[in-house]
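Same chain, two partners: subunit A is paired with subunit B first, then with subunit C.
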Partner chain A sequence: MDAYLVAILTIAGIYVILALALNLQFGLTGLVNFGVVGFFGLGAYASGIATESFHAPFVGGLAVAMATGAVAGGLLALLCLRLSGDFLAIVTLGFAETVRLIFNNEDWLTGGPKGLLIMTRPVLADFGRTANAWMVLGVVLAGVAVTLALMLRLAGTPYGRVLRAIREDELVPATLGKNVFVYRLQSFVIGSMLMAAAGSLYAHYVQTITPDNFTTPVAILVWMSVIVGGPGNMRGAVVGALAVVTIYEGSRFLTPWLGFLDAEQVSALRFIVIGTVLILVIRFRPEGLLPEPRHTPVMPATRRPALKG
Partner chain B sequence: MQMFINALATAAILAPAAVAFTLIFTLFRYANFAAGGFVTVGAFAAWTLNAPLGLPLWAGGVGAMGVCAGAVALSDRVVFRPLRGRSGGTLLLVSIALSFVIENIVRFCFGAQVKGFDLPLTGPLMFAGLRVPKETLAVIAISLVATLAVGALLTFTPIGRALRAVADNPSLANVRGLPVPGVEAFGVIVAGALFGLSGTLVGVDLAIDPNLNWAIAIPVIAAAIVGGLGSPLGAAIGAVVIGLAEELTAAHFTPTYKGAVGFVVIALVLLLRPQGLLGIAVDRK
Partner chain C sequence: MDVTRRLFLTGSTLAVAAPALLRHGLAQSEPIKIGSLVPLSGGGGPYGPEKVQAHKAVVDLVNKQGGVLGRQVVLISENSETNPEAAVRAARKMIDADRVSAIIGTWASSVTLGIMPLCQEANVVQIFTGSSDTLPNGDKKGLCFNLQPLNKAWSVALADLAAKRGELKIAFAGPKNDFAASMGESFSKALEKVGGKIVGEPLYYNPNQVSYRAEAERLINSGAPALFLAGYVTDLTPVYRELVRGGYQGKVFALSFAVGPQFKQAVGTAANGILHGSPVPPVGKDTYDAYLDLVGLKPNGQVQNPYGCAAYDEINLLLLGIASARSTEGPRIAEHIMKVANGPGARVTTFAQGAKLLAEGKAINYDGASSSADFLPNGMLKSRDFALYEIEGDKDVLLTTTTSDAEQ
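The block that comes next holds the complex of A and B.
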């Protein structure tokens, strides 16, 4: 049970990073990225290939993954960010499918459907199964902490305010002399980079990645985390990801009561419930569990008396 | 030449769904990504009527059109209507979630096995050294007739004119005394029937599989974008372009990357001609 809890927490941590990244793109900036799994998978494979074929250490793999994610995100953004949201959605969706086709078919690089075996682990030394699992969890949690700190900082700065303004009405920041395109591009690239980083952590955690790890259900879970948690609220994304992983993993324990259904039907039923909840939340509580704090204009602080001495 | 026939067969499958996607887009201004889900529903509806119930395939096809029209109308009523006026991004997200729900409902009911219609085996027709399976010929003919019929319906009939008027400017159409909700409902039903037709044709030419969803949604949306969103004729031409591009990829590179064609074609169109082949530049926000 202990090992199971560690495993769930590790996965939850990875989902938190994905949700935070998507929250930057969608929650703050309003960019509809359906290619979450594409960037996630790209990061996983880039990291795996860097460490296995080129014998890079884990940190090197992580760096390669982030660079790959950033470049891919930048290219996609250049392609369609000038146009409106629908194009970004279909292009990122197509991107995710295409990336998965590449994983499946370029056996020489990715191992094809059999998957890629990754021996490198983010541990100091081999201290046995349990200790290793805890160390990996530690690395993932450190990643979560760094990402969350970065996002909270980003959301609170004037930079974050510009992103919000672009989401609400791009005309206003444009009139104020902000280069809307560059802001969108940066937001998309940072988000993609973080998704790829999550992919790298995932790859070195599970150690065998197959193209089947990177399919639409993962993207739906990440989207659900952001929508349920509260788009635009970084703490909300964390809460949302934890809630979604708990519901998703917890529903495994319902299987014994659903004995009259076969495994395929149980899996389908879980996804039906998840998709339906997503639609219901969008309809009845679009602001999510933790709504984005409303920004009321702050009066300039009264000048403090100058300190003497 | 053989390749051209294969391309037409692919186009024939995509065209009705692409026209339906465009129709919904012009009427309600959102990209309905559940297109693939509805096509899958159509394929399974036709299969249920054909294989287990033993009806002839044409009856299965008509039934599928009815089922899909009902499914699209229901989804519009239950899911999309309460959200009218929300941003395009929200509706898009909802349509993806809906697609995911539909895919899994189909999986729940029918399992993950690939199905095929109960069709008598017929030899291919041979002319001028070409092998044309009769089914392929039928798929192309039916799709062509259906697409032309919808085109004619939109262009020449009073209800078609009303539909275009509502798509153009619903409040103006309302002021002019058009029954806007009725016209919208009609458009939704036509779109649903077209999805059902695409589903039946997919089943004839390829296989019936719950995983059809994204595999069909991406080329369908690609066809609609290539043709210029908002132009039914453009969507049909876009379907031919996608079909040709897929066959060229299969012939000159590798068939495994057929699935990536839609993505690449959209990328090229966005780079070179963002308004699509026949579309006028629409300001969409």
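The block that comes next holds the complex of A and C.
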């Protein structure tokens, strides 16, 4: 059981990084990126190819993944960041699907539908199954810590305030002389880079990646994490990702008490529970479990008396 | 309540120690745990239920008769969703939380291959049905057993049929997945052996497309007198529709599981003349009838539950392997599965028969419901019956039954 907890925590850690990256793009800057899984997959494949075909160490693979994610994010952003809201959502969704089709069809590079077998692991040496699992968890948690520190710092700085202002109404920061496009570009690139880093961790953790690992449902879980946790609040994204993974994985343990349902119904029940939680949160707590802290402006000393009528 | 340091220390020590204490207490009479990981949704969705039903039926029967080595068998069932990502998470739970000795029932080759590194690392036996030619490559510890012949065997049977019908120039098309890609390669080799040739490049399309008109046009324009369409029912139906609409006149070869009732209903009389084949259970054999009886079906001379009967063999072989090995450790079980499957020894067809002889110290040879269940040294099936059909007036007319041999 403890080994299973380690496994779940590792997966949860990867989802936390994804949720934090999306929270930077959507929560702070208001960029609707439905292509999370595209960058996640790019990072996984880039890292896998770097370590397996070019014999780079794990750290090299991680660096290649982050560079690939950043370049892909930059190019996509240059193409379509001027599109806003719904349009950006469609383009990023299309991007994720295109990336998946490339993984599936370029056999010479990605192994095609057979997938890529990754032997490089983020461990010091092979100390046996349990020790390896703990070491991988350590690497993932370190990644989470670095990402969380970076995000908390970003969100608190004047830079983060500009991103928030762009989210609320991009005309206002533009009027103040901020180059809105450059800010959105930077936010998108940093987010994409982190998603690719999560992909690299994931690839070296699961060790076999196929195009089927990078389908839209993964992106939906990440979106749920951000929405449930509280868009704009970095700690909220962490809580949200943990909550979603707990519900998703924890529901497996309900099976013995749900004897009247078969495995298929239990796995459907999992999505019903997550969907219900999402609806309840949006209905009763639209700001998420941990809402974004409000920066209440200083009120003028004298207030106008409210009009009665 | 204030949490004092003492309370915190006591509490956390207890919390950390609890799993170890519980494990110590339970270790002696623990049931034998087995993972059943079948596709209950996705591309394999139609076949998962019959597989898990067979696993359950055998486990219930064995438990009623006193279990294996005096221990009860617990079947842990999960849905692979025909998706390696979901399957890996389910397999991790089975291996780490439930501590299963084996994971049986995986159907799609991508799923079987996806969970293979996990199973190899944890010494967990895998018994499955799959046909991608790459399946044996990842098994470094001899823990894998496959109850389905590999694509090579399917291709030889279909190419022979093509040659008999005088179709030696055939174009190949299939969805872009591991199964069809490997089928394309081996079919091309098999066709060359009988003096034929693939026309043009094999065409791989992406499954779940909105329209397949471009693919159909390309196949028609290739001028091939015959086509081999290695699709599943979901993509074969629209491709075939477009071919008919485009006026294609040549012969069409397909795989039986793609041209079942759903396909025939969708395309109607246009299905006439399609030639198809697939591995089949030995209809009429006592073992197959015993399986059908166990899951509440009546033998009717037709192929029923083509994957359920293989699942019946999966669980029987595994339990016999455990009984013979007197151990629940993966490598030991695998070694003994090979022994009980290949013999030499007395023929047995159920767990009860086998366990009785094993207890008397006799050697056994399991004869299965889907095949005689004999394996090559790499765990792949030695041979299995293969049937070839032609569709005539929305019925499958049996042409021949051959026994495919896996050449190594």
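In this section, the second predicted complex is superposed on the first by the 271 of 309 C-alpha atoms of A that agree within 3 Å, B and C clash if a C-alpha of one lies under 4 Å from a C-alpha of the other, contacts with A are read in each partner's own complex, and residues count from 1 in each chain.
Going forward, a contact is a pair of C-beta atoms (placed from the backbone, for glycine too) under 8 Å apart; a residue touches a chain by one contact, two chains touch by 3 or more.
These numbers come from a predicted model, not from an experiment.
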item: Which of subunit B and subunit C A:89 touches, first, second, both or neither; value: first
item: Touched partner set for A:216, first subunit B, second subunit C, both or neither; value: first
item: Partner chain in contact with A:207 - subunit B first, subunit C second, else both or neither; value: second
item: Partner chain in contact with A:285 - subunit B first, subunit C second, else both or neither; value: neither
item: Contacts of A:101 with subunit B and subunit C, given as first, second, both or neither; value: both
item: Touched partner set for A:32, first subunit B, second subunit C, both or neither; value: first
item: Which of subunit B and subunit C A:275 touches, first, second, both or neither; value: first
item: Partner chain(s) touched by A:153 [first = subunit B, second = subunit C, both, neither]; value: neither
item: Which superposed partner A:80 touches (first subunit B, second subunit C, both, neither); value: first
item: Subunit B/subunit C common contact set on subunit A; value: 101, 104-105, 262, 264, 267-268
item: Touching residues on subunit A, where the partner in the complex is subunit C; value: 1-4, 6-7, 11, 101, 104-105, 107, 112-115, 117, 129, 206-208, 210, 212-213, 215, 218, 249, 252-253, 255, 262-264, 266-268
item: Subunit A contact footprint on subunit B (complex, rising order); value: 31, 33, 79, 82-83, 86, 88-90, 92-94, 96-98, 100-101, 103-105, 107-108, 111-112, 214, 218, 221-222, 225, 254, 256-257, 259-260, 262-264, 266-267, 270-271, 274, 284-285
item: Subunit A-facing residues of subunit C, complex; value: 19, 38, 40-41, 48-49, 52, 77-79, 81, 83-85, 88-90, 92-93, 96-97, 110, 113-114, 116-117, 121-122, 132, 134, 138, 176-178, 181, 204, 206
item: Of all residues in subunit A, those that touch subunit B in their complex; value: 26, 30, 32, 34, 79-80, 83-87, 89-91, 93-95, 97-98, 101, 104-105, 216-217, 220, 223, 227, 262, 264-265, 267-269, 271-272, 274-276, 278-279, 282-283, 286
